[in-house]
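Both complexes below contain chain A, partnered by chain B and then by chain C.
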Partner chain A sequence: MKRHLPLILLILAVIVVQLLTRWTDTAFYLTPLTMTGYYSLVIVGLCLLMGYAGQISLGHAGFFAIGGYLSAMLTTKDLMPLKETLLLGLCDKLGLLVQGQDMLGVASLQMQPWAACGFAILATIIVAYAIGIPVLKLKGHYLAMATLGFGIIVYRLALAFPLFGEADGISGVPGFPLLPGLAVSGDFNSRVSNYYLAWGMVALVMWLLVNLIHSRVGRALRAIHGAEGATNAMGVDTARYKLNTFVISAVLASIAGIFLTHYNGGIGPSEAGIMKSVRYVAIVAIGGMANLWGALVMGAVLNIMSLRGMFGSYDDAVFGGILIVIMLFAPQGLLGISLSATFKRIFRRGE
Partner chain B sequence: MTLELFSQYLLAGITYGIIYAIVGIGFNIIYNTTGIINFAQGEFVMLGGMISISLYQWLPLPLAIGAAVILVMLIGALVEILFIRWLDRPSVLRMIIITIGISILIREAALHVWGEGVRSLPYFVGNEITTVPVLGARVSPQVLWVIGVCTVMVLGLSLFFKYTLQGKKMQACASNRVAATLCGISTKNMVTLSFMLSAGIGALAGCVMSPITYTQYDVGTGLAIKGFTVAILGGLGSSMAAVAAGLLLGIIESFSVSVVPLAFQDAISISLLLAILFLRPHGLFGNKDAADLKEF
Partner chain C sequence: MLKIKNLEAGYGKIRVLKRISLHVNPGEIVTLIGANGAGKTTLLAAITGLIRATAGEILLKGDNLERLKPEGIVFRGCSLVPEGRQVFATMNVRENLVLGAYVQHRQGKRQLQEGIEYIYDLFPVLRERRHQLAGTLSGGEQQMLAMGRALMAKPALLMLDEPSTGLAPLIVKNIFQIITRLREAGNTVLLIEQNAKAALRVADRGYVLETGKIILEGSSEDLLTNRDVQRAYLGRDVKEN
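This part shows the complex of A and B:
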């Protein structure tokens, strides 16, 4: 029960915030709140990887971009020239493609959002395994640089291919009809349902992750973080655990990318940039590394402030500054500064 | 490929390669004394270029460059004193995040001071269209300046480490910090010195390359990745190997242009970095057994 208390609090908070925006007539807050929800998926996934398995990733914006860009490209760009290829022919037979018309009335061909979503996640899993197997053998600086390099390659590829819109990114991405009457889209009238959808996903993922870290897997991960060699000697297949955690967090980032792209109706290369990856790492660090709830709370607060433009043109500088200050003075995270311990220290001094 | 084209590519490769080598040596100097990879290394190069361009408005070129190098050395020392000196045995993850934070702050500060525009120093000799024939190719005299200055720096550094007391002290710290402390060497001061030294060589490289490569507030990250690739390629900690690796990377990059589009140039060097990390993390010239003992 105690384990699920924060989850219940989260759900209550989500409902209360929605009601508050309704009563105070500030429904415009729902848009940044929804986007924050999707970013939170990336953050808790990265928190699992960094805090629990102890592996840094400076390339998570890359996975976010793989999800977002692939699903945007498949559902928006005209696939007609590729129609004869084997893969698309197969998709056509399975009924995964939709015929449409572009603005000039020329027939165009796109993929169903569900199918595109599936492809994007599948691609993420393949890439995550392909990258993860060699990368996770590395440690420390090497791991940081290798993941950073992966992120830069994704960014460069997004900029280099006309299919991904080069510097403009992809816009005009259609909504993603999940269920009848429920679509992921930036449509004004479905603001509330999208808000609940985003945060419902966050709650679901949190529930899964909390259960995961309290299971055998979670204990193994924490042991890896503490002493990898010793864990290995105890008979835990450390390489497999690290790899699977990496893939899970990559898929979470990818799902966030897919949904946020459909919600925003587009994606640009800045989503794949290094600064985004660094920002995710910063938020996990502020939340206290091995603290899923801390990462979620700090991520929500900072992302909303950032999306509302409170930091102005100092946006990146604020995250850089926070990163340094937290790592210098409170490497256990902002919420890791135990209040009770602080009080005790003050009282002891008074004696 | 004709001989002219070949030597043209070769010289371009050497020019970029020696700059990468300087950044790689900067990584190595700090890594040797601290065990830290300083992710803000590329920012020193950017700062060198930017500050010298600003100072050039008031000072003659050699003085502007000299002043810029000294200022960046002071910034390097300041960074070390403010953020690194007083930490007690920080974990690698913590240091990575701190130096990334430092690089973001320097970059954002540069953005607010100098804006997004592309700037450059004037050519040291002649102008944009002056060329000198070398091996059948025609190159700007600035290319020779870059190669010359960087070569002098590399030679100077190796003499410094071999023959001066300070250099020997730094080498002592690199090989065994505890033993160096027992011999009466202030390891903390050596760390500050290593930050100043690598900031200084980065800044000087930033100045001489500015006329041909231009300087913008965000050039640091790309250079840091290339420099790191070079440091790893040569084997982390070895400066002379970094020079060989730098030239190799520069030449591979410049010849890759004739095969793949320019947009993929970065992707090539990063793929090379990944390949090296996966296959030979101790570097082309490094020793595997020695690398296994090091703490990453």
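This part shows the complex of A and C:
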């Protein structure tokens, strides 16, 4: 029960915030709040990887972009010229394709959003395993550098290919109908349902992750963070655990990318940028590394501030600065420090 | 229980262990003593599968351990108490013990609790500190926790790597008393130590390892009175006797 108290609080807070925006007539807040919900999925996934398994990733914006770009591309690009190929013929038979018309009334062929979503997640899993198997043998800053390299490659690929819209990204992404009457889209009338959808997913993922970290698997992950060699000596397949955690957090980032792309109706290369990855890492650090709820709360607060433009054009600088300050003065995270002790430490250093 | 035949192992081109053979019988405490760089830790790494043997074989209860990954070897009943204790500092004492039972996950909650109670009876201080974070324990308590954690896997063979490292003499004595109690409880122990005198006092038999070769083997009493051992490892000048 104690374990589920924060979850209940989260659900209550989500409902209260929605009601507040309704009563105060500030429903425009629901858009940044919905986007924040999806970014929170990336952040809690990264928190599982960094805080619990103790592995850093500076490439999570890359996984977010793989999900977002693939689903955007498959649901917007005309696949008609490829219709005769074996793979697409198979997709057609399985009912994964949808006939449409482009602006000039010419028949075009796109993939169903849920099929595109499936392909994007599958691609993420493949890429995450392909990257994770060699890279997770590294430790500390070598791991950080390797994942950073991965992030840069994804960013550059997104910029380089006309297929991905180069610097413009992909726009005109259709909504993602999940259930009758419920679609992931930026449609004005479905603002409330999308808000609840995003935060409902956050609550679901939090419930899964909280159960995971309190299970035998979670205990093994925390032990890996503490003493990897000794964990191995207890009979835990540490390499497999690290890899699977990496893939889980990559898939969460990818799902966030897919949903946010359908919600925004497009995606641009900035979502794949290095500063995005740094931002995710910074937020996890501010939340207190091994603190899923801390990461969620700090992520929500900072993302809303950022999306509402409170940091102006200094957005990236603010997150970089926060990371430095946190590492120096509050490595346990903002929610994990006692303020008086920190002040004492700072002043003692000054003497 | 454990049988090692003509084992050769090392790192890269460096051959550390040169055709080592030894065995541990069920219910025995066997100690392996030797100076720094003799190959003690390399031998443990080879047994636990962290490095691959280049020749020879390692048999546990008649099963060949070659080609098994470290976790597979733990599943076969071979638990290691690592050098320097390596407790999980950010987890409490009880969680450390529960993690030790990782390979016993098919057992029910009641059996797990019984296992933990057994460890608490063996090390009463751990019961007192069960909710404390392992990182806040003293060195001796951490060593007890590391031993308890390894015992939670109900191993057929318990291997201790330098349990006396960095502990006060009084605590070392305490730890070695516990090792004798482990034998009384029917455990089989392979004890790797630099503290030759203390190790030989609790062990039934011993091996002396020097630059990758076993140069002496015998009962503990024989080794304790052996002049070479005395000179090299017990710090006693031969003339004094």
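Convention: the second predicted complex is superposed on the first by the 337 of 351 C-alpha atoms of A that agree within 3 Å, B and C clash if a C-alpha of one lies under 4 Å from a C-alpha of the other, contacts with A are read in each partner's own complex, and residues count from 1 in each chain.
Quick note on the criterion: a residue touches a chain if its C-beta (ideal position, glycine included) is under 8 Å from a C-beta of that chain, and two chains touch if they have at least 3 such contacts.
This structure is a prediction, so every number in the text was calculated from the model and none was measured.
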Most chain A residues touched (candidates chain B, chain C): B
First, second, both or neither for A:D316, with chain B first and chain C second: first
Touched partner set for A:G229, first chain B, second chain C, both or neither: second
Chain B versus chain C as contact partner of A:R156, first or second or both or neither: first
Touched partner set for A:V281, first chain B, second chain C, both or neither: first
Partner chain in contact with A:A220 - chain B first, chain C second, else both or neither: second
Partner chain in contact with A:Y263 - chain B first, chain C second, else both or neither: neither
Of chain A, residues touching chain B in the complex: 54, 56, 58, 134-135, 137-142, 144-146, 148-150, 152-153, 156-157, 159-160, 274-275, 278, 281-282, 285, 313-314, 316-317, 319-321, 323-324, 327-328, 331
Complex contact set, residues of chain A against chain C: 216, 219-220, 222-223, 225-227, 229-237, 290
In the complex, chain B residues that touch chain A: 37, 83, 87, 91-94, 96-98, 100-105, 107-109, 112, 221, 225, 228, 232, 261, 263-264, 266-267, 270-271, 273-274, 277-278, 281, 295-296
Residues on chain C engaged by chain A in the complex (per definition of touch): 48, 50, 69-71, 74-75, 79-80, 82, 86-91, 95, 98-100, 102-103, 105, 146, 149-150, 153
